[in-house]
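Two complexes follow with chain A in common, the first pairing it with chain B and the second with chain C.
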Partner chain A sequence: MNSFTAYIKKEYMEGIRNFKFLIIALGIILFALLDPLMLKLLPHILENQAPGMDLSQLANYTQEGAIQNYMQNLFQISNLVIVLTLMGLLSEEIKNKTLIIPYSNKVNINGIVLAKYIVYAGAIFIIILIGFLINYYYSKLLFPEEIINIGRVLKSSSIFGVYFLFNLSLVLLMSSLFRKSIAAGILSLSIIYLSPAIGMIEKISKFSPYYLVNQANILSDNYDSFLNKSILLTFIYIFIFIGITIYRMNKIELD
Partner chain B sequence: MMIRAENLTKRYGNNKVLNGVNFNVEKGEIYGFLGHNGVGKTTTMNILAGIIGYNDGDITLNSLDMKNNRSNLKGMIGYLPEEPKFYPYMTSNEYLTFIGEVLGFNKNKIKVRNKELLELVKLEKSSNRKIGGYSRGMKQRLGIAVSMYNNPEILLLDEPSSALDPTGRKDVINIIKNLKNLGITVFLSTHILSDIERICDKVGILYNGKIILEEKLDMLKQRYLHSIYDIEFENNINQETIDEIKEDWIKDIEVKDNIMNLHVDENIDSRDIIALLSELNIPILSLNLRRSNLEDIFIKVVNENE
Partner chain C sequence: MLEGLSTMEIFKMFLPVIIVELALKMFCLVSIFKNGVKNLNKIAWTLVVLLISTLGPIVFLIFGRRNNYDD
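Then we have the complex of A and B:
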């Protein structure tokens, strides 16, 4: 418990002083503002480029469309930012030997791993929520015609949050396996970006955490009945990944 | 017996770094651990600190077996790694607080202990500066403070004075001397043999994966230390002259051109040498007394094992 609280404070300090929270916040919130604006401006830009074209086919010019665009960027770009920012979470500590002194001082290794996970899980979850709220109110401002119920957006935001919690556990695990953080990053990103391909196989798509991204995109009350099970399943994956990470960190040779 | 290693073996791939290492450190003893670069000193200390595992052999620390008590032992041991690494965005005060929290100390105890230790290693003035901006020597001092945080019964110090300026080295030596008065057992490796001569009770020399010599320092001095007279003759010395010298208090004669090094018993003084020289009846230019030191012993012992 002592190690856990000590590392909660340490990770919080590191997140602030090394600007990790800030970078993640930028990587998530920037598109909350940019996407609705782009969608609003797109017809005007295209009109000048290709007069007479039917633009309604190209995109969904509603608040719903703006929020869905945002989620697309969350998947494509925010994932990249989060992984690149956090890929060194353990590998840098292993490589830089900063764990040697704590390890020789009877630190509880489970506490280290859990503290790291919880600090960034909390940060990401809060930032995602803020991102969705900003996106919601800004797109409401730009597309006041058809307004979505905020409850749905909050629900999508939570589903997306759970999905990011899974990705965080994936990066943490990869980071414990490689001394080079870039290797951990590339492997995590490959898994994240290849998972939509798995989603195309009907039978197993529901068992992939990427299924949550699909469901969050629905933005209505027509969620698949499997959604709750999928969320539960994702939490099970997270527990397993954290478990393997803890096992690995207990076995590791630090020199 | 505070630290005992028996038949300790450690391999990295095919590289057998430690190949049956044995040593014994008694309670309150300061043990100097010597050896060439890359001989396995840091490896041994990492093993003792529970940072890495070993392939074979037995280690007991404070009568507790390492294999079954690895985590319990960590609380009893303070470790200064060869190059201590901290979180660079913390100040030394914050880092010490962090270690105090890991150890489960309460706020007040942490405050008191931080102050004590920062004073001890003379870092009070920089205690609120980021460690990232510290010099190597300052980090070394902080590392010493951290290693002592938990009032350990055993201190493992891997080259504690290597990055320090002369004052820093003197400070560290004094700190270690004080530890001795507190009954703390210190196991330290160093290249600076004069430090060992100043503080160690016992030395062990690691060579080729084994301890080739382990002895109390005073015994070692009695056995190996002796006076050396460097005599400079006017002309080159020939074999006849050397053959003439037969005194049994002479342990060794080395000759190079016109210089002769006479290794003699401790109780021989200059009068005996002058008497000897006058018997030889050849002109000399100078006569100098030198005492052999640990360095000579180290080189000699290693050469014997070459």
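Then we have the complex of A and C:
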């Protein structure tokens, strides 16, 4: 077994042992179950609170609306769960001095960083796909009137997956910059939650990864022509962030 | 309360969420009393897990669970 495969295996085992995969799965999949239910029950609850009120304007009570609600929660809450779970990915290793042995054996640091990214990127991508499929199935059962094509949902989940890959690279970078994981987490969350503000500036909105969230929300085949370029741009950001993380980890001093 | 829906229908709708939520709460409570906690005491984490739906157990797993490095 070469060292890179060993790092991958180590990260995978650590993710299971520390329940990181479980926490991420909960943060993504629980809302896939809850959101269609809430949307289904909302008119019934509101009707009791305000009889005679026109509820049709409040929300889109269709399968499409349920999936769009889920995507909103993915951005607002799942992002929070993912960042808080993974904020210590490198900073905890630096703080706990668990990197001293690999560093003193002059192992390839690039492999350590890449293994972390690949394992969690794969996990997040798969969990998001499962979350979208559960949400699709559950919302189809609760809103059978207007059923949308599953292909559109899979496209949206892939776009969302790419957006989360960007967030993961951001968390990894911040985690390499700070020894306190909470500092890395707060800074990552600040950047993530401020990115919709950049999206409000029309000229640069397309260059922000948040543009992917907007496009995923469309849930149709009428995506903007810039979407492919935006995905490519997001991958460029990811490569840059991972590059900086590797550079930082090669220069870091473990005392 | 929810006109047009029977209690059984509402229960069936919520069943997957109830199962996941209960399993998660049980898992967290076992972890609290078997492995110990950090940042808050056991009673506080038990209340967080039991009283805050969905997010309570997630918050415990992120901030309250004791891992190998904490010893």
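The working rule: the second predicted complex is superposed on the first by the 254 of 255 C-alpha atoms of A that agree within 3 Å, B and C clash if a C-alpha of one lies under 4 Å from a C-alpha of the other, contacts with A are read in each partner's own complex, and residues count from 1 in each chain.
In the analysis below, contacts are C-beta pairs under 8 Å (C-beta built on N, C-alpha and C of every residue); 3 or more make two chains touch, one makes a residue touch a chain.
Quick caveat, the model's predicted, so the values are computed rather than measured.
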| item | value |
| --- | --- |
| Partner chain(s) touched by A:Leu22 [first = chain B, second = chain C, both, neither] | second |
| Touching partner for A:Asn96 - first (chain B), second (chain C), both, neither | both |
| Which of chain B and chain C A:Ser3 touches, first, second, both or neither | first |
| Touching partner for A:Ile242 - first (chain B), second (chain C), both, neither | neither |
| First (chain B), second (chain C), both or neither touched by A:Val113 | neither |
| Contacts of A:Ile124 with chain B and chain C, given as first, second, both or neither | neither |
| Contacts of A:Leu39 with chain B and chain C, given as first, second, both or neither | neither |
| Chain B versus chain C as contact partner of A:Glu14, first or second or both or neither | first |
| On chain A, positions contacted by chain B and by chain C | 18, 96, 98 |
| Interfacial residue positions of chain C with respect to chain A in the complex | 1-5, 10, 13-14, 16-17, 20-21, 24, 54-55, 57-58, 61-63, 65, 67, 69 |
| Chain A to chain B touching residues, read off their complex | 2-3, 5-6, 9-10, 13-14, 17-18, 96-98, 100-107, 253-255 |
| Touching residues (chain side chain A, partner chain C) in the complex | 18-19, 22-23, 26-27, 29-30, 33-34, 37, 40-41, 44-45, 47-48, 77, 81, 84-85, 92, 96, 98, 138, 142 |
| Partner chain A, residues of chain B touching it in the complex | 42-43, 46, 49-53, 71, 74-75, 77-79, 81, 83-87, 89-90, 94, 98-99, 101-104, 143, 146, 149-150 |
